[in-house]
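Here it is: the structure, laid out below.
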């Protein structure tokens, strides 16, 4: 139903008003009492509310027009307006209304029945222990009530050769958490654990290796120059601290390689600090002790720590917590020989840098042949986290610090 | 032995001001002209406030609202008789009582906007929170009446209910106890003929609601609920009786719910519009207007001025209500009990953090 | 110190509360001249008069509603409902009103009432006289639920309940009314609400019980290295004491006579699983009444947790 909203008598003998400003558009839905227009009289600027709700069909005047009292301002279609009472249900409150009919039931995938792996009977605390020790519960027969797996069962499995359930292990681990300072690693079973971890890494990551060579002649000269001084302090300077520092700096530009992938939530968890795992070959097998907070340490300090580390490794006294918490790993196999390689990611890191042997090689420098010191680098990365182009750029970035050590100085933080 | 009647009862109906505005001068309450005017102003304010609330609801600025249209006299007549110290136990359709007692309108509106702070009565008023579980609050009034008597306070507990409330078990238990203990209690029943869609004659087989009092051994009276003077008079008498130790009274105000049960109801689904029309002539404001006119106390021009003043007052109340800061989640916890348990404190923190 | 049984301890608490605070009123069915059907209110009418100790008509909703009004007016009503099963008529007044007045009025009014009522089975009574539905009330925020288990904590807990600013449902284990006797200190004292009591210390398993089952649990726990916790207050319950014990022992048994499903043991078990799961060495076990309509006397003992069932559960847990 159409309703004409006419300029009302604004009182005080006013006969006309100028339309200053329409507050609503044609076609707009309005409510009763809603201000629809501003008009100006001799005395004041007045906002007029609509006496009825509905849809604005037409403005009858343009802004600036002078309108007499009684003239139509607007036509309102009240049929669809709030003039019509809303449907009443329920006596109280407001029920939400469906907008559209729900689509017909989609074909839902029937969930595939879980593999009948056999239920693992283990309490939450035991499961947490198993996870920490990287023990696969599926492989264990429980010795607890209802054939449940106990903490002892888990620890036994984490160590040496498989034992009969219930038999005491040879190297008994203490039940209580071990005090930090004097933790000694049990000698047995390490290789088992290492093997398991390496396999796990290759099963869980999408590993790819990119390789490149860099002219580190300047670096070699720098090292040669500084070595004697440090030797006076009984400090043996190797290339490793330089590799570590260069990598840490490059990670500032490429933090993805320092991160950790949360497979559950599919989120990349960025790690603010760089803790470098250093692959170390010991008589007992490969170990990866961790140098912490690389960003806060100089090359010299790193050299000191590495020196201490190799001493511990020789004495088989690396503490357990020094083997945890790396965000990136470096393997300096070049000290044994070797050029390029495909190192295995130290899971749950997302990348590992392998450093081959520095060799004198014929090289092209400014268009001419020269003898240069060439370092091969191999970067294995988790392709789920990064693509090849980015990985190559990261590797090049490390390389440029090693080619021109001065860059470390001017780009250092 | 012959069968003989062992008891007789009767129920009175009181009317003073009829629909035409004529009064029974013998029954006229001893009020001054200024008080008659006050009564009328309160009737008018109730009507305008109620209208405004409906309007706000339609504009989405107020939640579901139960209108009191047509029931102004029952609410104002009784409210006007109350003493400052009396305790009031409302149900949910007493906007006129709240206005009579000076309850801040902005606070009242807040309740219907969905905010418990609307029930935070000012310290000088003894108004219990609006009661939704029909009839259950009569017991609270009985308890307060008992407490007042124990403390020897000159307090009367006044409870409001509708015709539907008289069917509830707690109504029975409360009036029964009020009778036994001779409590200083007045129950004011706004019989507006409808409990949502159930008509009064489907609510009880009793001929009047007032006669239910007989069963409890207490006083009962029916009044013309659209006659503000009769309601006032009956309430005054009941209050005096209660204060004097004479026990409780049940007052049935016969009136009509001119509007829907609430803004989420459509009475056209179950009511004959002709019935509604018959009550238009019995309008409480109209008859009071006529009465005042005859006494030379009311004029057309003053009516306009009154409405304008009252509308401005309503505007201010609405503005104040809408300017209030929204409630904080902390309040949900804070008022659940005197002191939060450690678990509740933890949950409050989780609620603030948005954690599970 | 006098030796009192549980109902005498309650009587003493009421007497001391009435004497100390003139806001306290005691009422209910048959509580005045008759002194209460279990004599819990014996002698109170004579000592304090009919204005303060009075009978009500047979109207449970009315009794609680009256208490709500009295409490809102500023008094401290202690209303008796003759048996827990009869509170069902008053659930509306308890849940809709007593529990909510403070929140509804934003603190302008509060409801410091106590509803005391005999609860629990094992007394060979007809239907509705042996209910154990405490979990219902534990599900009502704004209410406190208190259950004594000995004469001495009955007195302290009731005095604390009367003094509490919030509404308290105080459930008295009928079976223990005259079964337990002990020395109870003469002077008034408060046993704080919301605190559990270690009834027996132990380090291999934690047993949580309350009310009527506490006595039975202690008997069954006997020489086992069990820590027995008497909850005393169910709502709010003493999480700290419970969790500390669970972390110490790693094994949990909960004993209640109420039906298993939705019983208060479920809340305890969920809380323990939520907050101490790493400490658990074994599943959380509950020994409870069955999910059946409460039987009449001839079968009632078959439904209640027996010492045998409790001991079997202890044995099972200790195997972990």
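In order of appearance the chains are A, B and C, and numbering begins at 1 in each one.
We adopt the following convention: a residue touches a chain if its C-beta (ideal position, glycine included) is under 8 Å from a C-beta of that chain, and two chains touch if they have at least 3 such contacts.
Since this is a predicted model, take the numbers as computed values, not measurements.
Overall, the chain located most centrally, as judged by its C-alpha mean against the mean of all protein C-alpha atoms, is C. For chain pairs A-B and B-C, the one joined by more C-beta pairs in contact is B-C.
In whole angstrom, the spacing between the mean C-alpha positions of subunit A and subunit C is 52.
Note on chain placement: the centre of subunit A and the centre of subunit B lie 63 Å apart, centres being C-alpha means. One simple way to say how far apart two chains are is to compare their mean CA positions; for subunit B and subunit C this gives 40 Å.
If you check the complex, the residues on subunit B that touch subunit C are 87, 116-117, 119-121, 123, 128-129, 133, 136-148, 150-151, 157, 169-170, 173-174, 176-177, 180, 331, 335-338, 341-344. Contact residues of subunit C toward subunit B in the complex are 25, 51, 56-57, 59, 61-62, 64-75, 77, 92-93, 96-97, 101-110, 141-142, 144, 164-166, 194, 236, 239-240.
Contact residues on subunit A toward subunit B in their complex (touch as defined above): 31-33, 82, 85-86, 88-94. Interface of subunit C with subunit A (complex): residues 277-282, 319-320. Listed in rising order, the residues of subunit B touching subunit A in the complex are 55, 58-59, 63-64, 196, 260-266.
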